[in-house]
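Below you'll find the structures, each written out as structure tokens.
In the two assemblies presented below, chain A is common to both, partnered first by chain B and then by chain C.
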Partner chain A sequence: MTFDRKIEDAGLERGVSRLTPERIENTLKQVIEGEAGAKLKLYAETCMRCGMCSEACHYYMSHEGDPSYSPAGKVHQTLGKILRKNYKVTAEEIYEMAQIAYTECNLCRRCVHFCPLGIDTGYIMSMVRRMCHKLGVTPQYIQDTAHSHSATMNQMWLKDDEWPDTLQWQEDEARDEMPNLRIPLDKEGADIYYSVIAPEPKFRTQLIYQAAYIFNEAGVDFTMPTEPGWDNSDMCMFTGDFEMMGRLKKRHFESALDLKVKRIVMGECGHAFRSIYDQGNRWDAWEMYPIEVVHSVEFFWELFEAGKIKLREKFKEPITIHDPCNIIRGRGLMEQSRKLAHALCENVVEMTPNLEHNYCCAAGGGVINCGPPFKNVRMKGNKIKAEQLKATGVNTILAPCHNCHGGLEDLNHYYELGMDIKFFGDLIYELMEKPE
Partner chain B sequence: MNSVYAFVVGPLAWFAWGVFIFGSAYRLVSMYQLAKAKDGSSLHYMSFKYGFRSIMAWLNPVGTLGWQRNPWTAMVTFVFHICLVIVPIFLLGHVVLWDQFFGISWPTLPDTIADIMSILVVVCCIFFGARRFLQKDVAFLTTGKDWVALVIPAFVFLTGVLSYHEIGDAKVMLILHILCGELMLISIPFTRLSHAVFGLFTRAYIGSEFGGVRRCKDW
Partner chain C sequence: MPDASTWDWNPGRREIQDTGSWSDKFEWVEEFHASPDGEKVGAVVHKSDLEFTACVNGETWEEDYDRIFYPKFAPDGRFTGVAQQMGEWTLSVDGKHWPENYGYIWKTTFGPEGSIICAVQNDMEYGMGVDGVLWENFFENANNFTAGNDGKSTAAVVQVKPMGQADIETFQKGIYSVAVNGTVWDDVFMNCYTPVFDAKCEKVACQVRKTLYDYTIAVDGKIWQREYQCVWAPCFNPATGALVAPVRLGGKWGMAQDEELIWNNTFANCWHQQFSADGSKLYAIVAPTFGSFTVAADGKPWSITAPVVIDLAVSPDGNRAAALGKDDKAYTVMCDGKVWSGVYEMAWKPVFSPDSSKVAAKVEKNGRYTVVLDGKPYGQDFDQCWEPVFSPDSSKVLIRAIDDGKFIRIVAEVSEF
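What follows is the complex of A and B.
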């Protein structure tokens, strides 16, 4: 079957224009034989090509069973092809592989639940991206965020002064509502170091406002850092630039250790969580993060259990809850997210399938970050999610992950679902008791 | 013909078993060395508890999402593998050989049962083969290596059944059957059949990662 869905992307085109057959062969060999090890080899060898994983993938399900979208089908067209052709693939084939690996797989790992041999297609796709990165063939938009990481240590080209300025702006705004509110900067020894991803100061500042409000109301001893390292996001993990991924994680943890805080609490993000418990820590040869990291979902539930957040009222309308791969399939927060959802809402309607078997948003894994050229890949490739959302019959979705938000918002418009999407922070801020 | 028979059950059998045992051991040891050199973090996460938990979950043909969503394939896969392992070990004709060469023996299956199980293996192979032709997503993935992995066990059991029922020249069929069996032994370490050697480890690894790091089940 020929690849008939090539999408023009300036980054991919520029990348392949600089390839030579020798460079392709040497680079692919270097990654597969030099960098990767037994895991990749075993996955390539023991996969029995049984096709049981096909149905796991939202792309496959949304494309009416087009075999080129099945998890094993994507491996077949990338790593499989490289090995079958003994590393002698053309520049055009590298383009196709990059398009598949960066935009047609969200690394969500739903397919792991389908494979009797436990083959991790997410890992294989990460390694294909790694090869593409080393060949310099990456989609332009996500590569731009990776460049931003390298130059500024944050994802969104925020300048050093813009970050504290944004925090102080939000503090100022929030003081209209709560006159004594503070966002303590660089406070040594605070209980909590609150870390966010750079898109928050860039275009979701309301989330910083809300978190500050909730923490102040709950009496949390928290601080936010002003120095680079504050951004916990990690697009380099998704482009395959693992060296930068390692640097970013080190810088982030050093910033928290410098402030001698007790714990890091991170905003409602999925991929940043993945980068500290799954990929970044491994690259840096840490079994787990060197300082405890708590996801907002866990932290909010902690505050609830301790009676530090009191609600004025519960959310009355029926609401459904989306399980982001990186916090549920990635880190088992299904119990806390359910407890929190039920504490906040009167009527939580579950999706089918749900929990660790939930369908992906199709935005994560860096796919949404590949930008406008690939937006329709996500939209057409996730009809199944739109159907799943519609079947709940409710108008509101709870989604504790930025990427899921972006993806679900786009699906919502594309399929005209008329649904509203909320973070836990949105609901807590909206429903909590506030001083008169 | 008798000397050919003596050769295939004698020196050739020693050779096939040798390749199978030492080949498998070599592949396991060298893969472990490679994992130690390159996949340190993954080896570090290996956990007996979660690995075992995962293997047990996947031994239940209706216990995992993958099996549940592919019920026919699940059923055939289980029947195929159970028969594939049980029949060669407990077939009377095989135990007799062990007794004859090494003086050891163990309980055997009634011949009729073993015969039915062997026919089932062949039927399962036909099912797998048909899937490779007819099911679009499987056909897309199929390469020569997958046919090799399917045809070898199919021939072992087909020749076994024909030989038991004395269809065709009995001696020739028996020799063919032994040759196919030996080919299968030799193939296990070096073809897709190597999942017999590595499968438990890949399963245990992902079980360990999901259980220990991801705090989530992998089924």
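What follows is the complex of A and C.
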């Protein structure tokens, strides 16, 4: 299996230029023997190369069955090679492994459902990324995002004042429509701590506006913090910088615990959920999140069930629903997302396949954060998703995840699908009863 | 620091203000805040047409603002808020705002003698100010703001070198340092976190990330010679000036003092350490095993554990400690290695009496709030209450609460619990 698709990236080039054979061998050995548990070895030893995982992967499906894109093929070219060569791999091979692990696997875990032994290739790729991080071989743009996390505790380089200032700006904007609207800051003892990811204050401020409007109309007792910790996102989890992942989650959870809130409600993000309930919390030795975290899909449905959101009308055009990996395979929100979609829309058209077998957006797992050099990897590597979307015959997609939005928007333009993509919050805000 | 002995400690209940009537006077009333002595209640209020002011004991400030946030009572009872007028920000103290305007100010804290400390952004540069007097040098960015216990000394992590977009090379060479009273350390680092002053405000220490993988501690800009997989916030021994910090080695956490381990690295986590006032004892929140937290005194964990432990408090004499345990949605109070019987929907950081003999905490049960002392609840619960304050002689507890629309202060004998 030869690797013939090297893409130039300043971060990867810089990283491998500093490697020595000794550093490579020592680092790989330290991670595999010192950090990784029995799970990694078990996976490596039990894979039968049956190929059942291949059709689970959108990259494989989009590349005419090229086995180098199959999950087992990607393991063969990364962890498998490391073990076969007894840690003695070259710097160039590390480059290839980094490119595969960071940009050709979204850690979406669809393949787990196809493996007769339940091997989690996403976990294996995470550990390959961990090794690459320890070697300093990470794509430039996602590494810059990790730097932002480390310096500001958010992924968009927002400075400490820019966050509350943005909330106050959105509060002002929303008061033109709802004069009594509030975004209560640092309200100790509120029921809900609303947390978002940094792209919301940076690029998608309308989502903060809409959430504030919905919460105010529904009478939700909520607060948002003024201090760092508000960003629940975590690209360090995806670069393999687990120490920084633990620091981010400590700050996030302690921000909520200090405000004595009952629950965290997180915006429509997928990967952050993985960080708060699985990886980040556990690095900090919390077995589960230290304070309950509810995804917006669950919370919106809760508000609907309680009769706190009333609709003026339903969305009439046919609409399809995309199942984000982290909240569907990770959290099991397929039922709530369907109830919510049907409550909002007259004609929900299911994709094929769907639910836990839905195809990935190809943006998640930090792949979109690897930036422009790898955009075509995502586009060509997800032709199958474009075909799946086109086959629905509808013009609108519901996608309750930021990364999915980014990925689907790019596919939409690249394959000229002409589709519109919405969050649940967009629809609720658009369709709900509003005071005169 | 205000002298609590001058407060009214006569036992009994006194109504301070009919807060319920405020809603008739204003379009809306934001969250209530109680002064430390319980003699005042204040809130940001919306008068009309997006004009805001503050109301304290029914009296509004003369000045109106476009917005007020970060409302806080100073320890001496002054009510403060960060206020916006015409797009500029200042601090209003009892209705009189500072003469200067700023691009943004926030994170108000108070010194023991009444000084007011803020983080400041002016012309997109960042620094700090004390009573409106700003650092001479401002920086491209600053965060992790802190103040010493003299109320004058301030420090923050600052960006001292410019960095272009996605310039990972420059970032990893180091662009951050710590500014103390506006004067920056000589050395730069990849990251710095949580600067902290010693008791005399003569030294500052912080967490440092030297490389992507190596963490250590810096004191006055000089780093420890030993590196760790990770570190958490350091703190100084108030008596000896020694510096301790949780450190991670071999995937486990221990406690280091001046570079060397004083608690072995056996914990799944270890953080939020606190010295006793005399510096003779060191407490911390630790996880002896994954998913199971408790308090350790001088490295020895209590036998009781909970999935989450927060809000560690050490008694003034240093012989006792208390914290909150949390299991799913249920909070308990852990004290001296035992768990109080009460289970609460929420609990606040325990408070020790000055003589260290008693512990009290604000708690929530069935949506109502009260104070629990040594495990026993006060005989009444409230719509809202604040954290308890002990009298200087430790015989009484001040309960500040809102009950049926009335802000009240109750001085209860400890025997009433």
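Quick note on the criterion: the second predicted complex is superposed on the first by the 436 of 436 C-alpha atoms of A that agree within 3 Å, B and C clash if a C-alpha of one lies under 4 Å from a C-alpha of the other, contacts with A are read in each partner's own complex, and residues count from 1 in each chain.
Rule of thumb we're sticking to: contacts are C-beta pairs under 8 Å (C-beta built on N, C-alpha and C of every residue); 3 or more make two chains touch, one makes a residue touch a chain.
Here the structure is a predicted model, which is why all the values come from computation and not from measurement.
Looking at the shared chain after the overlay, A:G118 reaches chain B, while chain C stays out of its contact range. By the touch criterion defined above, A:G37 lies against chain B but remains apart from chain C after alignment on the C-alpha atoms of chain A.
Legend: residue contacts after superposition of the two complexes on their common chain; A:G406 is shown touching neither chain B nor chain C.
Touch criterion not met for A:P201: it reaches neither chain B nor chain C.
By the touch criterion defined above, A:G229 lies against neither chain B nor chain C after alignment on the C-alpha atoms of chain A. Residue contacts after overlaying the shared chain place A:E287 against chain B and chain C alike. After overlaying the two complexes on the shared chain, residue contacts for A:D161 are found with chain C alone; chain B is out of touch. Of the two partner chains placed by superposition, A:P324 touches none, neither chain B nor chain C.
With both structures placed on the common chain, the touch criterion links A:G270 to neither chain B nor chain C.
Overlap of the chain B and chain C interfaces on chain A comprises residues 35, 282, 285, 287.
Taken in their complex, chain A has these residues touching chain C: 10-11, 14, 34-35, 133-134, 136, 140-141, 143-144, 147, 150-152, 159-161, 164-165, 168, 175, 179-180, 182, 184-189, 226-228, 241, 243, 246-247, 250, 254, 257, 260, 262, 282, 284-288, 290-292, 371. Put simply, chain C touches chain A in their complex at residues 27-28, 30-31, 50, 67, 69-70, 84, 103-104, 106-107, 119, 121, 126, 141-143, 159, 165-169, 171-172, 176, 190-191, 193, 209, 212-213, 215, 229-230, 248, 251, 268-269, 271, 287, 290-291, 293, 307-308, 310, 326, 328-329, 345-346, 348, 364.
Residues of chain A touching chain B in their complex: 1, 35-39, 41-43, 45-46, 48-56, 60, 65, 67-68, 70, 72-73, 76, 84, 112-120, 277-278, 282, 285, 287, 328-332, 334, 356-357. Residues of chain B touching chain A in their complex: 31-32, 34-35, 37-42, 44, 54, 58, 64-67, 69-70, 73, 77, 131, 135-143, 146, 149, 192, 194-195, 198-199, 201-207, 209-210, 213-219.
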